[in-house]
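My structure is below; once you've seen it, I'll send some questions.
Chain IDs A, B and C follow the sequence of writing; residue 1 opens each chain.
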Amino acid sequence: MSATVTYIRTYLAQAVIIVGCLAMLIGYFLVSPEAGRVADELNIWNMNVGTFTLFVGIITIFMRYGRSIINRDPNWLFHLYCLVVIALWVPFGTLTGVYSDLYQTLYLNTKITLHITIIGEMIFFCVSAMYRTFRIKSFRTFVLAFLAALMIVFNAPWLTTPFPQVGDAAYWLLNNPQMAAARAMVICGGIGGIILGIRILLGLEKGALRITGG
Amino acid sequence: MTSIELTVVEQIIRAGRTFQLTFMVIMGILAFLAYRLAKRGREWKIKPLEAIEMLTEGVGRAAEMGRPILYLPGISGLSSAQTMAGLTVFGEVCQKAAEIGVTTHLVTSGTDVVAACEAIVRQVYTTIGKPELYQPGKYVKWYGADQFVYAIGAAGHILLDKPAFVVQCGYFLSDVIVAGETASRVGAMQVGGTADQSGLPLMGICCDSLLIGEEIYAASASITGDKLATATLAGEDWVKAILLLLMIVGVLAWAAGSKDIWSLMGM
Amino acid sequence: MAKIPELKSQYIWLVALILFLIPAVNPLGAPFAMSDVTVKIYDLMQSLPEKSIVVMGGASVFAFDIESSPGMIACLKQMAARHLRLVTFPLGTEAAQYHKFCIDAARVDQKYGGPWKYGVDYVLLPYTPGGSAALISFLKSVEATVTLDINGVPINQLPLMRDFHSYKDIAVWMCPHWGFIDIIRYATGECGVISVSFAQSAAYATFSPYMMAYPGKVYMTNGYVGGAQYERLVGIKGLGHKVVDSYSLISVLIPALIILGNITMIVRMKEEEVEAKE
């Protein structure tokens, strides 16, 4: 019985992927009102699923943190604090409206401030990582360190103002060699993604198959 | 082509998408052709990727130091191809580690990825014959769906757990520097991989080895040792060769004043 | 040669913090050059006929989008002065908050003494889930995608929305978010709508291939410096100007640390060679 269930789960997943994929591809590439209607319907379902996943996160966090509070796991007090804040915040947002000035003020002064703090600390991490990483041990590392320092300096306002050519050089570097590499990555990444999709359809992608127990 | 044939094509295929469709069909055919050739015994060898070899080295390091491994699959969900590639690599790392008694933890931001990874871990322990070691919630951690909530959660986890080996493979943006720098501070060996060009430089300054761009898709194919999956990489290379040829011809044609290649690709 | 110890990360962070605090306490007024692309964006907005509809929309993270806010706020002031109209279309939960933040910060609403009246000159639409699917649907038919504004008022009761039905009514799409690539793909690539981004500097390199691929259709500024440039064009001094000072100092620190790190490494290598010989 379990073998049948595993078989159905594996091939049902692949069948759903193939049907969805074909519908989207046909709707995108071919002039087909029927396929277009199917693609529109799938888009609407996609939006519905997207809305649903908003709640999955809340349910997951309550289940996990609830379990850790009951079991008094390490840091359970932080989990309790998190659940209390969620439980108070949701009715508050519902009552005042998420676009009200009061909600906006509270949101900006709590969540966004914390978020900006985290993003702000990134520069400190970047600076210390650059100090540690850009060590010139070979020609390749010399080129890497030189170009990194060049790009930072070339974007420095104190240098680009008296010497506009420096800014032009920085933009040339960004818009030519860097862009060539970026385009290569995007193109190859896109091709790789499509080939990965073909591997999933062929049942060769072990990661996907493990999920369905195949 | 005559005007009648053009009209027929335009009636079937949406304007401006003929080339895209043709190219996609060619890609599918080449990938499938490579797969069929592999089924008939043809073998393709790929260049050894340093980062994949470091995965084995990292697992060994974790075993020697008696510390766990931490895997970070990125900030996207299962809809991202990079996350799917990352999960394949995670499965292999988790299995290699479990076979020698090393614990692999995973921190993710996507709730769908949590469910997928729990299934992978359960499958791994069943495969190695130790299903009793699997406990839901023990290996897969979720600290929040937000990008930086996840990053801070991962950083906190690294400081508490002090893993010997950290793998970051999936879709990352600038959050990668938070976990990466924290892992450097605890002395962890790091391997990273992403196809996103904004996360890649930051990953490069904290990881010991990198999978750049589509190497993560190649890694997901080759790490399992599956010849059929590796064969699809040959199909990918054929596609790239065709694109390269098209680019060279297009550049030369443009330089010569011809827009035919440009018009062809805009069809 | 004296042994140079490896700098601990905490000391580097302390130096960086001090350099950030200096301009906060004593603004330096560091100069910056103007970029051609920023001027083009400004001229584009100046050339739009009055009552043109500009959409501000996309999906990203509020805290990241702060970097786009100097340029966006300056642009909103310009739009209000030019009697252009604005519709926001957030594709992320925080994007809705961000749009409201920008409009409030720009002080363009009549309650702050500005010229804009809600419903006539600007409309805030609520977050629409679905990502690209929602965007495609919005470009095809606004009424089919969104029925109410953020206050719950049916959009057909808002004067501005009676003139806005699909992508054909959009003059420019502004995307001060990381999700600019989706906007380029669907709004510019498929529908031919001009799109502009006050891009974060980390995103500039990612977006620049698209700017090259759609000349005359895709524009973007570069980080806080781009925001400062746009502020200068509009004639205000905001967050962009303040950040340029910090840019100037940190851009000296990082190369100095790279040089210091390499000196430390060379000294250590020489000492290890000497010790090996002994």
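Rule of thumb we're sticking to: a contact is a pair of C-beta atoms (placed from the backbone, for glycine too) under 8 Å apart; a residue touches a chain by one contact, two chains touch by 3 or more.
Remember, predicted model here, so these are calculated numbers, not experimental data.
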| item | value |
| --- | --- |
| Chain contact topology (line, ring, star, complete or other) | complete |
| Of all other chains, the one whose Cα centre sits farthest from chain B | C |
| Of B-C and A-C, whichever chain pair has more C-beta contact pairs | A-C |
| Chain centroid nearest the full-protein CA centroid | A |
| Length of the line joining the C-alpha centres of chain A and chain B, rounded to whole Å | 14 |
| Intercentroid distance (Cα basis), chain C paired with chain B, Å | 29 |
| Gap in Å, rounded to a whole number, between the CA centres of chain C and chain A | 18 |
| Multi-chain contact sites of chain C, meaning residues that touch two or more partners | 9, 61, 63, 205-206 |
| Interface hub residues of chain B, defined as touching at least two other chains | 146, 148, 174, 181, 197 |
| Chain A, residues touching no fewer than two other chains | 115, 118-119, 128, 130, 132, 134, 182, 186 |
| Touching residues (chain side chain C, partner chain B) in the complex | 9, 61, 63, 178, 202-203, 205-206 |
| Chain C contact footprint on chain A (complex, rising order) | 40, 43-44, 46-47, 50-51, 54, 97-99, 104, 107-108, 112, 115-116, 118-119, 123-124, 127-128, 130-132, 134-137, 145, 148-149, 152-153, 155-161, 164, 167, 174-175, 178-179, 182-183, 186 |
| Of chain C, residues touching chain A in the complex | 7, 9, 12-13, 16-17, 30-33, 35, 61-64, 66, 93, 96-97, 100-101, 104, 124, 126, 128-131, 133-134, 136-137, 150-151, 201, 204-206, 208-209, 212, 222, 225, 244, 247-248, 250-255, 257-258, 260-262, 265 |
| In the complex, chain B residues that touch chain C | 146-148, 173-174, 181, 185, 196-198 |
| Sites on chain B touched by chain A in the complex | 10-14, 17, 20-21, 24, 27-28, 31-32, 35, 81-82, 84-92, 111-112, 114, 116, 119-120, 123-124, 137, 142, 144-146, 148, 151-152, 174, 177-178, 180-181, 184, 195, 197, 200, 202, 204-206, 212-214, 216-218, 220-221, 224, 226, 228-229, 232-233, 235-236, 239-240, 243 |
